[in-house]
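Presented sequentially are two complexes of subunit A, the first with subunit B as partner and the second with subunit C.
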Partner chain A sequence: MRKLIRPVRAKLLAAKKNTGGASEASAEKTKDNTDRDKTSSFLSEDLSSNLARIKEIFQNCSDIIYRQFLFAQREDIRLVLIYADGLADKLQVSEQIMRALSLEVPMAAPEADITKAGAYHLIKERGLCVHQIKETDRLEDVIEAVLSGDTVLLVEGHPFAFINGMRGWEARPVSESENEMVVRGPRESFVETLRTNTALLRRKTRSSDLKLEMMQLGRITKTDVAVVYLKGIANDKLVEEVKSRLQGIELDSVLESGYVEEMIQDNTWSPFPQMNHTEKPDRLAARLLEGRVGIMVDGTPIVLTVPTVFIEFMHSAEDYYERFQIGTVVRIIRFLSMFLSLVMPSFYIAIITFHQEMLPTALLLSLAAQREAVPFPAFVETLLMELTFEILREAGIRLPRQVGQAVSIVGALIVGEAAVRAGLVAPATVIVVAFTGISSFVYFYSASFAIRLLRFPMIVLSATLGLYGLISVLIIIVVHLCALRSFGTPYLSPVAPVSLGDMKDLVVRAPWWAMFTRPRLIGWKNLKRQEPDQKPVPPETRTGEKGGGGDTGKQ
Partner chain B sequence: MGEILENSKISSRQAVFLMVTMIFATVILSVPAITVKHARQDAWISVGLATVAGLLIARLVTTLGLRFPERTLFEYPAEILGRWPGKLVGFFYIIWFLHINAGVIREYGEFLVTAFRPAPPLIVFNLMAVAIAAYTVRNGLEVFTRANEIFFPLTMGLIVITSIFASGETDIQRLLPVADVDAVSIFKGAMVPLAWFGEIVTIALVIPYLNRPRESHRAAVTSVLISGVVFMLVVANAIGIFGPDLIEAMVFPGLNKYRIVNLANFLGRFEALAMTAWVTAGFVKISIFYWATLLGVSQVLELKDYRSLVLPVGGVLMAMSMLDHPSALHLQHFEAQVFPFFALTFEAAIPLLLLITALVRGKGERLG
Partner chain C sequence: MTRKAVSLLLILLTLVCLSGCWSRREMSELAIVMGAGVDRTPENRIRLTLQLARPAAFGGGAETGGAGAAERQNITWVVSETGDTIFEAERNLALKISRRIYWAHNIILVFGAEAAKSGVGNYVDFFMRDPMSRENIWVLVTRGEAKELLESHSELEKTSAQSIGFVERNKAGLAVIFKDFAMALASRGSNPALPAVELQKLGEPQGSGMEEEKQHEEVVMTGTGVFKDEYLVGWLDTSETRGLLWLRGEINKGIITVPSPGRPDKLLSINVARARTRVEPEYDGENIGFNITITIDGELLEQQSGEDLTIPEKVEEIEAAAAMDVIRKCTATLEKAQGEYGVDIFNFGEAFHRKYKRDWKELKYQWNDAFAGAQINIYAEAHLRRTGLLTRPATVKK
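Take a look at the complex of A and B:
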């Protein structure tokens, strides 16, 4: 649907711009409207009327604080501080604005300098002890600043306001990442405050090429969104595409990056996530360095990255920090468990129902003996168990932590043990389902949703058509994945289309000195990551190298 | 016009993978039995001969195609012969693609019915095959080419690995004496595999969508060579295991071979695995011919988009796959007796005539 809507919207915009006649009139009308808004929303010189207007806007907003005080103890120069309680740093507001303006200015400045006309200049240049101020003459800016947590200062007799950046609200401190666990590697994870997140990222990449472009999304929530990328590494077209897709969003609220994801992804109907996300600054930095673009949304620790390829979900941050052999072996295990978590129950059903001849006789007999007392066909049995497992899993996530233990006991004892004893399910089925469940925890969480979902049609088709049904679903999945694109990048690259150079970061994780190029389809703009030929050479070969040539750099 | 219909671009390697899968998907099923019937234990020589002839066809088709590197086999007959005769040729090709695809789908279904106990009715398999292929071709050439890039190593790997496992049972004596039958029988045996290798004519539809059309010569020749050599090994392997008498009696010797595999007394009866390999390959083949038909219809009728044709053509394919042949035996008879001539007319004769006409009339560029 989006594909359809977007061109239409673009056309409308183009029509507004280009055509004369009828539509021009309406365009002019809207222009007039905004102009009138503008004139009415300028601040006036009269402090009390300004205050009244602001108070009217903030009617019934009990968290807005208006503090009136005098500049340098002068009755004729009144000041008003406006801020949202809890968003601004109260201590700083009282110390660096109120104390400075009312008490310290008269001490520093001669009495003669303090006039009503010169007050504004004096406050700006000598009075305010604030690290970041902004001036405005617009009422909207004042409102927005207060809502964003800034402190606004209005001065009697001047149609301008100071916006003091003294935000300081209660926020969760930077803590250990809970969703992306690593044994070796940085622990810190993003928090709910965008500024803290950008700082965490900046600490990882100290480069002026790291750009953070801000925009606001959400008509009511006015959520800050930052598009982050490394200039010169990220493809400019990609950055433009991300920005234009973001600008096309017209939601009333953006409370989590998931809102953004659903509005800008390529294929809505696919169960596969076409945007990766992370809550770890090191992961984000690594992806930016590969030429990807990040989308940070205020209010959530989850940062989106595009473009995404499917194999990313099989990778973990630790692959790159641990020894490369370990990284490779672990990745093989992840690919295997991804495959198993998709096909295992279907394979079991297909074998039990249609292809018993594939099993060795001993195993077949033992399976048959187990299943003798079970009243259901393998299909019903497996489906029941899968359903039970999904329920247990959901319960495990939603329940308070203290109750979680109870759920796992109930799950393990009742479902596992008792169901087998009661002869409701065969032990083999329990093993298959449990193993499938465990396998689906191995790789990245958001991809496991798709796999979980696709398991069920696969089970149904395997129960009706055996291995053929299983293969059919696999074929459809592969074709679907081949058709998917994430911001122009084929979802299955570098497997299909094959890109041999990128194979060193697919299943195998090559040592860092060998990964001297970025992924070709994403980082082609600036392909060279580092100099090749950096394989470490122990000292003894280093000396021998001069004469004999050594084997450095050849691999 | 090509750009409007299909804006895919594929690489030469992808094209080779596609062509090999296309040829290999069905040649491995019933062709060994037919060839062995004629050439006995010398069937592998027949396959070798067919490969050489197939190379000639590949060369012929690409030479013709490269005279019109922007156009497909459905478009350039109109340029060579004039608008209406050209469209007629295009129309014949559409019918041909429909027919061979219906045959492939039927064989696909019959094979699965044979491989399955208890088996659902034939129409279930045919319907599944057409439905999956419909979904695939809707996404365009590039997508199923990419999907094939994943399937290709798996299917070829499975075929090769299972052949290696089965080779423990081979007896080289069964291949002797070499060249015992007369030359005519060997040639007769070569006709059927040649009809399959001749399917390389499909590359004439792919040339406009290649990254580098000039490489199509090499791509076509490589495809035929790979399929020919591997098929020769598969046939020799099958003869070595069963001997010509048994193979002649089998419907799907390629499948029976895997029944005898036994690995470490644990993994046995590989036919289910062989079946999975074959299912993916067969699906790719059906998709290619399906796509060829869609492309043909839309190019001959000068339509802008073939997506709307997917369902109607799928329905026609379904009907034809069920009605073309009353039984599996009829299908086999058709493949052995009729198909080579039916196929080679379109694979070699018409392209040859087109090329000669183009040369005489001086149409097209001289690229290749």
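Take a look at the complex of A and C:
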């Protein structure tokens, strides 16, 4: 755990800083070159020249609005408002800035005070009715502010600009999560606006330890990215590593957190996702509380969390909200269906083409009867059906809502009924494929993709080598999983390496009073979650004991 | 990393060469053997008869429920071929059958009487040597021809082979799996005994369209075939078979019927819940003796008379009668085995071997003769533990 940065990567980073830094520097230089002429300069006192420079930069940007008006009806003090149409809150801009400055200031302030020289001070202190103001004297700040939705106010005769935080664009409201369903638990999910998302998270964890470190990624998109963690719980080295990996990203665009994920994950070639993601604030908060670090990307409701271990994908938020017995049983079902969705079709093929002796006689006869009419070998048949299922599934996601029903009917009828009736596939194959398909939806979607993918080599090997092939693929998968790391944490922990203390939250979900430590390999910095011995005790037992020890052994 | 992966792949590749049967076979390429029969032809050749399943007729999948039982297709296909060895006969059959003969699901192996009399040693080797054939198939001997037996069908089960298999699995009679049969053949201390089966008219098929059907012949168990070494020497009837099972300690379930105490014309039946047989050999250098102790735990399940059987004296009387009944059956079997056939089919030789290892070395060569002259004492002890759901029978009070 101490070696958070793996040697190879550390070396690479070092190399980048020392020698390879040249390319980085040159890239920066070219960036600077393009920008310097236009923006890297200070504002001047001349309003019209400022305006001209800004207009030049925003050439052909039809959504940028320049609104010139007078401060307190004085012809000599001209003001210009610049904002991007649609990003700024128009109503507030006209009410709180224009109306306030042009009409209300003269009413509030004596005529004598309103001078060209004092205008700037007057606007700042008495004129603007805006909750958040920044001042700048740099042109590029102005440009950036306009692009991120703020409203910029330029004042005649002053080389400064006000940046008014009046963002207000059309955004999807916070709605129920569609991908991570729960029966019991909060419904809300993240939206596309980063600020809304941080607010949702802050609502869950009302702690000053919740840190949100902002950075911008994407040379063109300039996407805001927030690294969120709980100070004192998350390992500092982990936070540093996350930040340094993020800073290493040099993409021109970051449109979704998937861009970030692929740039910072440990093993690109593995089909298994090494970063978990969620769109639910409660899950993010829960993971932060375990010592993980979250990466929020503006423009997407999907928040990444690292480090990730494989068993996380078998867990659901609801496990922790429902009674622990339910959580445990449901997890067992998930593990089982994960295994089945990986192995079932290959096992079926291996058994019916290699190891018929393993079947009970009655089952063999009934399977043989089904296969009698089928013209294909079991392998081809299963592969075809698996492909069909994958196509149907993909169609189900992509197709427009209106035709959804048609496709599902056609899919169910043709695949389930007609194919069997026509004697093209055996009913048992349909059952196996359908069961496999259904069970791959039980656990986390992005992990199910890895399993879906691995199913096919497994099918091929079982069809050529029988159970031996199946087992070989399983061994390879396990070896691969053992070798995987996610930000320094072994992917299979707490199973390999074994961490007995973490078994409370593996297949079994222990009751909350028993989970008084955080996961050892992730939250080791601040292991203690809560006081132990908090098991609820009925009053009559409690009175008999000193201090309510919590042990109900003698009831 | 790469080196590790490559070496792992190499290890896996070497394993490919080590695996045994790895050729794939589609299910529809198999001729699944349900039962096999061995007969001896008058020309002294081996005739192998196979009962093959016809999956097409099993009606799995969509067509179930369509055609009723009225138009039943032949669910099995029984084929025979002769050869000088079992394997030769099998190969001769394979030449004529479109699919590969698949032995792994064989349920029964039946010896025809003629084949058994001429010695089964010629036939068993193939079934042990062939990797596909299982060791837990049921072995049977029939008084007639194995071919006829396999040609029958079962009313309840899909095939007659399965039907016999289920009967055997119930362990109501003698049940011998191939492994035990082969062991008994190989052992000097015991001789094989196989359940005897034959075709009997049994019941009548009911329902529409069935009126004209002939009365149906079903395979039933009718006793035991007694072997001396590898030769069939005679038969035991069902009652003697019970004695054989008692002496072998293979009684799992069964009933003992004894007269009611004080009312000899009325009977009562005891269900055997648990039974144990202990064989204690004795040898003084000259005389061989066996003390057999049979302990029976039973419960009363039927009573014809109206007496109150909760009285301890009466219970004791019943227990004594039950013990006597068992002893009587055992004695009858023993007499036949010792006197008429002169074979030890009770595994007593093995018990003797375990106790007198040194003497066994001399005795084992003529064990059957030694057994025939052995003094065998049978003690039986029955316990009536329960009386079912009733304590007193529901009879009219007089």
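Convention: the second predicted complex is superposed on the first by the 505 of 555 C-alpha atoms of A that agree within 3 Å, B and C clash if a C-alpha of one lies under 4 Å from a C-alpha of the other, contacts with A are read in each partner's own complex, and residues count from 1 in each chain.
In the analysis below, a residue touches a chain if its C-beta (ideal position, glycine included) is under 8 Å from a C-beta of that chain, and two chains touch if they have at least 3 such contacts.
Just so we're clear, the structure is a prediction, and the values are computed from it rather than from any experiment.
Look at subunit A after the overlay: subunit B and subunit C clash there. Contacts of A:G466 after superposition: both subunit B and subunit C are touched. Put subunit B and subunit C next to each other and count what each touches on subunit A; the higher total goes to C.
When the shared chain is aligned, subunit B and subunit C each come close enough to touch A:E357. In the superposed pair of complexes, A:P497 makes contact with subunit B only, with no contact to subunit C. In the superposition on chain A, A:V478 makes contact with subunit B only, not with subunit C. When the two structures are aligned on the shared chain, A:P377 is found in touch with subunit C, with no touch to subunit B. Of the two partner chains placed around the shared chain by superposition, subunit C is the only one that A:L367 touches, whereas subunit B remains out of contact. Applying the stated touch rule to the two superposed structures, the overlap between the subunit B and subunit C interfaces on subunit A comprises residues 354, 357, 464-466, 468, 472, 475-476, 479, 483.
Across the complex, subunit A meets subunit B through its residues 354-355, 357-358, 360, 464-468, 471-472, 475-476, 478-479, 482-483, 490, 492, 495-498. Contact residues on subunit C toward subunit A in their complex (touch as defined above): 1, 8, 12, 15-16, 19, 21-22, 24-28, 30, 32, 34, 53, 55-62, 102, 104-105, 107, 132, 134, 158, 162. For subunit A in complex with subunit C, the touching residues are 352-354, 356-357, 361-362, 364-374, 377-378, 420-421, 426-427, 463-466, 468, 472, 475-476, 479, 483. Put simply, subunit B touches subunit A in their complex at residues 11, 13-14, 112, 116-118, 120, 124-125, 128, 132, 135-136, 139, 143-144, 146-147, 149-151, 265-266, 268-269, 272, 275-276, 279-280, 283.
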